[in-house]
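These are the structures in question, set out in turn.
Two complexes come next, and they have one chain in common, chain A, joined by chain B in the first and chain C in the second.
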Partner chain A sequence: MSSEGGAARSADVLGWYLYGVVAADASPNFETAGLAVDPAHDVELLAEGPLAGVASRVSLEEFDEAALTERIGDAVWLEQKIRAHEQVLERTLSAVSVVPCRFCTVYRSESELRRFLSERREPLQAALGRVTGRVELGVKAFVDRERFVAGQAPRNEEIRELRERSASLAEGRAYLERRRLEQLVSSEVERLRTTAGNDIHARLLARAGDGMPLTLQAPEVSGREQEMIFHGAYLVGEDERKFEAALGSLAAEYRDAGVEFELTGPWPPYNFVPEELRAS
Partner chain B sequence: MSVRDEQQLRHQVTLVELVDRVLNKGVVVAGDITLSVADVDLVYVGLRVLLSSVATLEEQRERTLAAAGARS
Partner chain C sequence: MSSRELESYRSGQPAQLADVLERVLDKGIVIAGDIQINLLDIELLTVKIRLLIASADKAREMGIDWWQGDPFLSRGNGHGELEERLRKLEEKAGLPTTRQRERSGE
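Then we have the complex of A and B:
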């Protein structure tokens, strides 16, 4: 062995990547082989008092601050690590409740990680208590403008008239009428966003342990052409079926208004981490 | 749009959704090493490249649909 090779190896110091925090007594039996952000190391549970960190060893060459900035520019690396982070958390979630950490939470040593678990024991336990037996579900609602207009026309005289006129008029005049129709529809959709948004949130919240509206996503994020009119996250436990039933009746009620719903998750409860653990 | 493009589009959208959660939510106060604000910005720059390819796929799909409509 050359001395150079030895130096390279000794420089490859290992740290710990923390995915999330679970209760130490939960002793989950989940299969995470090969899922870790560094596939060479297994996911382990590091118990410290009543809590345990879901963690795996990582090379600090790869995850040190200076290195990170460079790695992030590598889309392939980034996607791989983000998916690994999420997969470990989802696998954990399938067995036990978990408080998820942000992507790229790394400790230089096991003792530093343990110190975090003991120093933040109280807020972490409170956070865990809040999500125990529950998962996060995401709800999105989109409006299809054409179907919305078709649904409005029988009730909204102004829309009906503009629609008929723009269909019968000559091209130049029809253009102006169409513009007016577009503006009118925009303001009606705006109104729908407020009224339906409030209604949807209130009714879903009544069937969930907790919930919050989230920022609406642009089409390039949502991947749908239709305009998003509602986006929310809900903490749902054993009453998951009631929650889905509530969503089902909302979908049926709003179908005529051209509104479509989408349910995502179960997610690790990223949106339900208390403020205290979010900001330093 | 081919089945493969469709899959790729869905794949990228879920990644975008994922990035939004794993970067901005969850326990942030932990870690000796964490992403800096500048790092997070960089992720979004990288993501925009991804997103522009999503937009391209969308356009392709629209063109395909329009072409299909013209034929029928």
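Then we have the complex of A and C:
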């Protein structure tokens, strides 16, 4: 329960916030108490034919278009709502397959939400069919420059020579040699980003239902000092073990090149649902 | 790979906000028509959220500083591409564009 303005809010007109769509017969048993975008209301399943909306009541005043423009200026509010959206979907995903909606999908009334489920039954069922029994996994690969150089030195003569010279030369000359080494390593890392990126994606894709490369994240975003050389999303189902095995062998192969892998998820399959769902 | 080995690839922490934002704001189905906020406005809204996050100091405090890796923001100087996208969306929505508003305010 929110601590402030409980009485005032009870007078609000309530709408429905839609997190995602699941199969009505999936009879999910998941715990979402207190997770909703408006913690005062529980997450409910609104079944309509073969589909059900994962939704919760929200104040239309809070989620009104005009109000939203102001609300998004409130970083704390924004992070809370975005986290709530994700957490409800993660809980849902732990029990059933789900087609996730974008942030802030709000209906004015239950009947409008139900009408959406019945009118868009076909494209929704198609979208759900594609992700049934599957989750999205995120894969990131980073290169540690020091380990990359150490791994390259035995093979790359130029790198080896520059390394040895910068270690033995007097300070002034050594600085120049180190700069040359840095430049050389940068171009080698760039090459790795292309070759390893293609190799990683092709091999993971072969073990997944679908997949796509995502935008590389800067260190400020990824939270890691090392440079990200690959970022991708994969739709994985029963073949999850094969996918993980492929990731394992990639990690073993690229270890000497100073490449480390990170697996995120399971995510609701955000990257594998149609972006727009227009009336059929 | 054993599950224990695989564990080492997972950060073991709650999802990074940047990863959540990339998905929740940019992916997932968008429903045209019959919702409180229409399709164009949702797009406007999420572009605005991004611009706002990009310029807000408190966004940095709360850890939302992912725009630095955002292709719309990181290319060229300033927030050019994202602002261009916002301008086009506003035009499509029949709203005065940010640029026009700025001019009229000058």
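FYI, the second predicted complex is superposed on the first by the 263 of 280 C-alpha atoms of A that agree within 3 Å, B and C clash if a C-alpha of one lies under 4 Å from a C-alpha of the other, contacts with A are read in each partner's own complex, and residues count from 1 in each chain.
Everything that follows uses one rule, which is that a contact is a pair of C-beta atoms (placed from the backbone, for glycine too) under 8 Å apart; a residue touches a chain by one contact, two chains touch by 3 or more.
None of these values were measured; they are calculated from a predicted model.
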* Could you tell me whether chain B and chain C fit or clash when both sit on chain A in the superposition? => clash
* Pick one for A:262: touches chain B only (first), chain C only (second), both, or neither. => second
* Asked: Which partner, once the models are overlaid, touches more of chain A's residues, chain C or chain B?
  -> C
* May I ask you to decide whether A:225 touches chain B, chain C, both, or neither, giving the answer as first, second, both or neither? => first
* Asked: With the two structures laid over each other on chain A, which partner does A:85 touch: chain B (first), chain C (second), both, or neither?
  -> both
* Just chain B (first), just chain C (second), both, or neither: which does A:101 touch? -> both
* Should A:112 be classified as contacting the first partner (chain B), the second (chain C), both, or neither? -> both
* Have a look at where A:179 lands relative to chain B and chain C in the superposition and call it first, second, both or neither. => neither
* To do: Pick one for A:277: touches chain B only (first), chain C only (second), both, or neither.
  => both
* Asked: In the superposed view, which residues of chain A touch chain B and also chain C?
  -> 15, 18, 20, 60, 63-65, 68-69, 72-73, 75, 78-79, 82-83, 85-86, 99-108, 112, 116, 120, 127, 220-223, 264, 267-268, 270-271, 273, 276-279
* Structure fact -> Counting only contacts in the complex, chain C reaches chain A at residues 1, 5-6, 9-11, 15-25, 27-37, 39, 41-42, 45-46, 48-49, 52-53, 56, 58-59, 61-62, 64-66, 68-71, 74
* **Touching residues (chain side chain B, partner chain A) in the complex** => 9-10, 12-13, 15-36, 38-39, 42-43, 46, 49-51, 54-55, 58
* Asked: Taking the complex as given, what residues does chain A use to touch chain B?
  -> 15, 18, 20-21, 60, 63-65, 68-69, 72-73, 75, 78-79, 82-83, 85-86, 99-108, 112, 116, 120, 124, 127, 219-223, 225, 264, 267-268, 270-271, 273, 276-280
* Structure fact -> Listed in rising order, chain A residues that touch chain C in their complex are 15, 18, 20, 60, 63-65, 68-69, 72-73, 75-76, 78-79, 82-83, 85-86, 99-108, 112, 115-116, 120, 127, 138, 214-218, 220-223, 244-245, 247-249, 251, 261-264, 267-268, 270-271, 273-279
